[in-house]
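The block underneath contains the structure these notes are about, expressed in structure tokens.
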Amino acid sequence: MKQIITFGEVLMRISPIGNKKFIQSNAVEFYFGGTELNVGISLANFGGNVKHISSISDDFIGDTAVSYLNKFDLDTSSIVRSSRPLGVYFLEVGAVMRPSSISYNRSHSSFSEIVPSMVNWEKALENGKWFHWTGITPALNNGSHQTLLEGLKLARKKGMTVSADPTYRSGLWKYGEDAKEVLSELINYSTVFIGGVNEMNELLGTTYSYSNEDFIEASKALMVKFPSIEKVFDKIRTSINSSWHKIKARMWNGLEFKETTELDITHIVDRIGTGDAFAAGIIHGLLNFNDDKAMEFGNAACAIKHTYSGDVNYANEKDVLSILEGNVTGRLNR
Amino acid sequence: MKQIITFGEVLMRISPIGNKKFIQSNAVEFYFGGTELNVGISLANFGGNVKHISSISDDFIGDTAVSYLNKFDLDTSSIVRSSRPLGVYFLEVGAVMRPSSISYNRSHSSFSEIVPSMVNWEKALENGKWFHWTGITPALNNGSHQTLLEGLKLARKKGMTVSADPTYRSGLWKYGEDAKEVLSELINYSTVFIGGVNEMNELLGTTYSYSNEDFIEASKALMVKFPSIEKVFDKIRTSINSSWHKIKARMWNGLEFKETTELDITHIVDRIGTGDAFAAGIIHGLLNFNDDKAMEFGNAACAIKHTYSGDVNYANEKDVLSILEGNVTGRLNR
Amino acid sequence: MKQIITFGEVLMRISPIGNKKFIQSNAVEFYFGGTELNVGISLANFGGNVKHISSISDDFIGDTAVSYLNKFDLDTSSIVRSSRPLGVYFLEVGAVMRPSSISYNRSHSSFSEIVPSMVNWEKALENGKWFHWTGITPALNNGSHQTLLEGLKLARKKGMTVSADPTYRSGLWKYGEDAKEVLSELINYSTVFIGGVNEMNELLGTTYSYSNEDFIEASKALMVKFPSIEKVFDKIRTSINSSWHKIKARMWNGLEFKETTELDITHIVDRIGTGDAFAAGIIHGLLNFNDDKAMEFGNAACAIKHTYSGDVNYANEKDVLSILEGNVTGRLNR
Amino acid sequence: MKQIITFGEVLMRISPIGNKKFIQSNAVEFYFGGTELNVGISLANFGGNVKHISSISDDFIGDTAVSYLNKFDLDTSSIVRSSRPLGVYFLEVGAVMRPSSISYNRSHSSFSEIVPSMVNWEKALENGKWFHWTGITPALNNGSHQTLLEGLKLARKKGMTVSADPTYRSGLWKYGEDAKEVLSELINYSTVFIGGVNEMNELLGTTYSYSNEDFIEASKALMVKFPSIEKVFDKIRTSINSSWHKIKARMWNGLEFKETTELDITHIVDRIGTGDAFAAGIIHGLLNFNDDKAMEFGNAACAIKHTYSGDVNYANEKDVLSILEGNVTGRLNR
Amino acid sequence: MKQIITFGEVLMRISPIGNKKFIQSNAVEFYFGGTELNVGISLANFGGNVKHISSISDDFIGDTAVSYLNKFDLDTSSIVRSSRPLGVYFLEVGAVMRPSSISYNRSHSSFSEIVPSMVNWEKALENGKWFHWTGITPALNNGSHQTLLEGLKLARKKGMTVSADPTYRSGLWKYGEDAKEVLSELINYSTVFIGGVNEMNELLGTTYSYSNEDFIEASKALMVKFPSIEKVFDKIRTSINSSWHKIKARMWNGLEFKETTELDITHIVDRIGTGDAFAAGIIHGLLNFNDDKAMEFGNAACAIKHTYSGDVNYANEKDVLSILEGNVTGRLNR
Amino acid sequence: MKQIITFGEVLMRISPIGNKKFIQSNAVEFYFGGTELNVGISLANFGGNVKHISSISDDFIGDTAVSYLNKFDLDTSSIVRSSRPLGVYFLEVGAVMRPSSISYNRSHSSFSEIVPSMVNWEKALENGKWFHWTGITPALNNGSHQTLLEGLKLARKKGMTVSADPTYRSGLWKYGEDAKEVLSELINYSTVFIGGVNEMNELLGTTYSYSNEDFIEASKALMVKFPSIEKVFDKIRTSINSSWHKIKARMWNGLEFKETTELDITHIVDRIGTGDAFAAGIIHGLLNFNDDKAMEFGNAACAIKHTYSGDVNYANEKDVLSILEGNVTGRLNR
């Protein structure tokens, strides 16, 4: 079975048990995450053959991280080990009107100091069919940007599908390059755009609104500027508060616009990684179903992720399809 | 004080701490449950004198189970110990659109291999006034079916009230007998029917709807076919999702139809055992109040069980009566 | 920086982990609380310079309590240590229609046996600008009543602002004095009244309703009877159930009536200490903003406290101001 | 089966998880203990029919305590419930040269305020064969002293065996009576003395040494002064440090002296309650074996208790007999 | 890299946290184990390429088990999934003179009902170089016996090395076959014997003592009766108590006898799986070093396993080699 | 009361609960440590007035760290907050022959990027009497080296006593300076040397042995080369394995040599921070007792630290003095 490739940082996430603050209790728990890894694990849980490429510390924390990827049956054979530490982030999960808060310790991590010579892309992609990247990787450092660029070039040369989640996070991008310019170059190697009007406005320098009409116009404009892009998938989140959201998805595939009904997530457990679950759902859907069902699958995958703690979407394909079939009342599985 | 008798399997329930999945964390916790035991413990918590009869493993897990029953002051003197292991079930608690999931390891358990010669029913029932059984016990094995049948025959001979919760679970019933036939024979020894239109349709071969009119017609037909049945109690659950349900109860006692107002359970903690809490509430109500108040008590007992983790309804009589009196806003008890 | 003085009992709070009942699991956790301490810690978290005065046991539990106050940077230099044990309370947190329950073990605690000679008020207040007291302290014992009275007298003599939260809890007041009489004397040394129509009716012997009109009338009457009172702040809680409340605040400052919009707290984590968070918010607001903003700040502080477990409001000034600015949808802080 | 009666305080023990100090972590766990209760539970675990008599708080903490006694199948029917709180003690477990530390909150507890009129001794002892008391109970208060005295008088009148563990703890005895005088009167109602040379010197006003010769002389003198005493059982503990003890037992039964070999406890888990385990072992041994084997059983019971956390000796009769048979190398039980 | 094949049951192990008994606390934790799996995981931790073959339940517990094997990078591609539950065992860890206790629930598990048709041995062994089996597998059931036999025949046909750990556990072997006869047939397909004088006496019908002389004689006799056996490795455990053991190893390889010095394990954490760690150490040693160093490596691997909780030996090759080099004083690795 | 000043990095320590490895369980706990901070907290626990100076992250992790220092009543008023993350270290605690392992993530931490302009030494030391530094601080970076140097210069100018623990850790010192040269300069500003023959050989370029004679010679040579040094304190650790050490201390104060008896630490809980406990004990002893008793106090402080988990020595002065008085058998403190 051909592989889906994800490339990005593996971060250790540390959170207090029971949604407390760090000042309340010294009992904490850790998971591993990172936006591209979250997509990779979710795809493996859907049944995909996934290889994750990264640079990880060469110590017992790094060993634990690799074993975590193995646990989800990801191919870790292209992972690089270095003497730099693994990136860490601390998360305090909010509730109601209290937002969640994150503190990062990632700026000199093993992955952020990756350089192109560390990855053998020929070997890494030899069995690849799909490559997924996000805007976090080029934002970290020049080395991670260049390493990604090399990978994308080869992926396209090999005819792989490339999905881009060009998340723009202004807190990053500190190493001196221009986000818009860098992202634009990378999108030229991509075929599926997973992002919304905000990201398109950023890239296009436009001011489209959130309306469906504007979403379609923006998507068309995006495809003009970046002709490699064939499809755009977007999700719309309405937040009542930290504990209660509603989500729906929409798409423009160059031919038609579709949108899902809205799913009501009344008791959120953990919203970290829900965007990654959406991306994974879209990729899995496009690989296995049609555009329309991919959109529905992505939206349902995003929704169910809100019910798991940690970064990872533990749902398998059957779990997500069950939601698509309308099973949202939580009838017990015996 | 005369005893209420419950007869059925004691299962060890194992669940991850904090509503996680087993794949997320190896920190788990255990409780003991089982539908008839849940009814028995709830009745004891309401102040009843309850004897639970079962077969339990003769090892430290079985010792722990017996101590658990003792903890709630159940009479364990008729419990049989055998060399077969205690049944186990694993539960992952869902949230929002994610359903809870159960994995059973009970098919060759100590209880499922019970045979009539192992229970001295004369001694076990010598102080009995009420016998409660469910459709799970005859579904497990021929031995458990026959052991129950013997107990029911004696219970009726002694003039005890017999309540039946003829839950039909198709995943069980693998030992070669016909569920409808077996349940029908057992219901002939019963006087109170705790079940809904589904169960009645199953037994009658009918297709009544959920409407109150059809519920009354079904109940009447049930009483014609099973003349020992004097009263029927049903609860109606409306599920918004795994975390939010509404419940109400209704009854037909041969003379009149009554129904409760609906209780809104906006933040469910654990729904396992809520049906058992309903049954226990009905039994306690019939033993201490009138039919109407029994129905109200059963509905409130069912509702409050949703707020406790584990199989057990920890509410005492006062807690439930407080809800009947309209105290549902959660004012702090100092 | 001049100090805010809080005076009252420090209690150890013990609760089962994960909102269970004590009968369910022997894994529990402890915090320290007490209504005046909660106000003090919240004020310190807002950035205030706070001294808490109390009597605490002279053993490792007392050491742990003092270290807890130090942790929040309270001035503990006027704390008295005695051979009596620290007061303890056990809390079972409710959900939906199940109320929370408290069991106290405080009647012969270190604080309840305080007497005036144990506190050097001249030294304790030498740097004070504000004194906050509640109706719990005079309710405990004659010694705590007299000790408080001495402190209030000196505070007023020094021109400090005095805020009163005259909570009347009938389960206390067992040492033989008349609550109304005692509280009335103490209120005569107070300038800010943090309480509602119930408390005013109690003190005035009146029967005002919850309407805004009656609130204004009651406040006016209060200011007539207790001329030192300059402002009255009240909060109104609407409880859907234990897990879902709505709160708003209102005030009469002798010149104008104001009220806030209602905040909807859909998924309560812990409501203990929310009234104390309100009081702290009012005090911080009056010290730093105007009356109107103090009321808004108090209401938002009260609201966000519902999202933290334990007695303490962990929110800092920025967290609360963010809610005042309308940020209630829980957008992630990266 | 006739009952063994134990009478004494039920205390809630609270300790940090993992042998930490309270200042290190707020994750703690609770058990119930109390010297006489520990003896009772141990005897029930050995297979005895035990009734524990006490006064316990009438709240959810008291309910949890009663359920704890039920869990070990103790007869709780003579337990009194009162509005005073349950006594609490906090324990920090030491290691190596660091001693364990205890902080008590028991001075106005439910049990310490018991008075004779609260216990119906006729009914409580109607099925009794053995009564066990310790020096803690008369040390608490005049009421507990008098209540015990009444019970002892009736026990002797009914011909029950009475065992005394006259532990003298100087930190108690604060209510104004003379320990030696009070204990002497109580010992006159006792037949088995479980205590060492220290306790005998205290009662006799002598200065016997720890030598076997002096132990025999002291025992003889004791039996002269207290003619009801028929047997004396003593244990000798040699402490290397908090984690490593050696114990052996000796006895004088009026006719012969015996002593056990020394058991080496190299890795102590928890030493609280090991003296109570010794007493329970002696009582069980005297009821079921001969004097010599009772001494051996007591010593082995004491030893194995050091391997369980909490106050309770979880060993059953078979576990202790196995040690008597020389199985001390810990071969796995499959 | 050619694979080491292990074949055997995967069991879920459930133990109370903090070495308690199940009756003490409902907080437990789970791991996966099983004697052959323990060998496989240890070999993978040493750097080996290991495939484990088993039958595992087709539910979320089975998913969790497979992910556990993946976590250690075992090849799980030949694992069969069936509708029978995963075997479970409960463990209470002892201390000092208290032995550990095990309760099994494995008799109708997924693996115990395996039959030869369920494993495609040709495919499973296609990359194999070594096959390890133990006496547990043929003891479970006729199907597991026959499935193992088929695997062994093919392994030998392919020229693979076969190591046998013919542990004889009398509590198993309930399906009607003769242990000695069955094991003898299986040993005829084996080349390395990992077992001691007891196991050899069992198979030979002899009564050799534990002396080195008798060990050599027994080994020689074994090689006469089972000519395929080329080497015998044995370990000798001296138990002071449950917490303190000493171990050493010895071997006869047909040519020479060697023995190691004794390692003193003064503070045992968990002894489950230490025999499996020894077997894995021998196999790794034989694959990478010489006979003598294999024996030393096995002994050191066995020793260090006593310092990890759970069934698994987490030591890597470097950790074990460090002990061989005499680093046993625990100097901190920074 | 004049202050003791400690200056150094505050690190968050993260360790698995129950001495597991990170790969075994995701339940972990955190503390704060760092060699100089450990000394500071220990001194505060002995009753000293301690100010710790450091640079800490300006986020909720940094807030938690500051609150941790406050908890032990350290003066945190000279702590600098910066946008760089707090340093983190991961610790796996060993047992028996398995060493503990540490993984650091500190190389670009808030403290390691401190520069002299960030600390106002005049204000920081205005109330100082003693300054303690270690070799870790100058090893981190040029900025931390220079900042320390400025502080030392001022301390000496103000006549403060300066204690040096010139621990040389080769894994650090990566920023390009020569350890020996840097340390030598810093020692010229110090008066008390807390270190052994290894450290003296490093500084002197000599090869003294561990014998007492050589220790004296080395100390004399040190005082010749660094005339500001007045006293040398050393401790000698004999490791049986990770769980069992013996320690003793010795000193040369220019006039006489003294050594302590050896303390046997048979069941080590956690050895991290025991060297810091020694240093704190020496400092406290020199400030409060004479040289000889300081040495004894340091040794006992070091010993008792082995019985606490985490970096901190929780012992107070009384706890340590009790060991000096020979109380090492762990008699219970009631």
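A, B, C, D, E and F label the chains in the order they appear, each numbered from 1.
Assume a residue touches a chain if its C-beta (ideal position, glycine included) is under 8 Å from a C-beta of that chain, and two chains touch if they have at least 3 such contacts.
The shown structure was predicted, so the numbers you read here are calculated from the model rather than taken from an experiment.
**Student:** According to the touch definition, list the chains common to the neighbour sets of subunit B and subunit C.
**Tutor:** Touching subunit B as well as subunit C, we find A, D, E, F.
**Student:** If you apply the touch rule, which chains end up adjacent to both subunit D and subunit E?
**Tutor:** Intersection of subunit D and subunit E contact lists gives A, B, C, F.
**Student:** Looking at subunit A with subunit C, do both copies bring the same residues to the contact (over half shared) or different ones?
**Tutor:** Different-residue interface.
**Student:** So which chain is the furthest away from subunit F, centre to centre on CA atoms?
**Tutor:** B
**Student:** Which pair, E-F or B-D, has more C-beta contacts?
**Tutor:** E-F
**Student:** If you average the CA atoms of subunit C and of subunit D, how many Å lie between those two points?
**Tutor:** Spacing between the chain centres: roughly 44 Å.
**Student:** Approximately how many whole Å separate the CA-defined centres of subunit C and subunit F?
**Tutor:** The mean C-alpha positions of subunit C and subunit F differ by 42 Å.
**Student:** Based only on mean CA positions, could you tell me how far subunit C sits from subunit E in angstrom?
**Tutor:** Centre separation, subunit C to subunit E: 62 Å.
**Student:** Show the residues in subunit D shared as contacts by 2 or more other chains, in ascending order.
**Tutor:** 17-18, 21, 23-27, 29, 31, 67, 71, 101, 104, 267
**Student:** Over in the complex, which subunit D residues touch subunit A? Could you list them?
**Tutor:** 24-27
**Student:** Under the stated contact criterion, what part of subunit E meets subunit F in this complex?
**Tutor:** Those residues of subunit E that touch subunit F are 17-18, 29, 31, 71, 263-269, 303-304, 306-310, 314-315, 319, 323, 327-334.
**Student:** For the complex, which residues does subunit A have touching subunit E?
**Tutor:** 67-68, 70-73, 76
**Student:** Where on subunit F is subunit A touching in the complex?
**Tutor:** Its residues touching subunit A are 14, 17, 21-23, 26-31, 57, 59-61, 63-64, 67, 85-86, 88, 90, 92, 101, 103-105, 107-108.
**Student:** If we count contacts the way the header does, which residues on subunit F are in touch with subunit E in the complex?
**Tutor:** Checking each residue of subunit F against subunit E gives 18-21, 23-25, 94-102, 104, 169, 171, 239-244, 267, 271.
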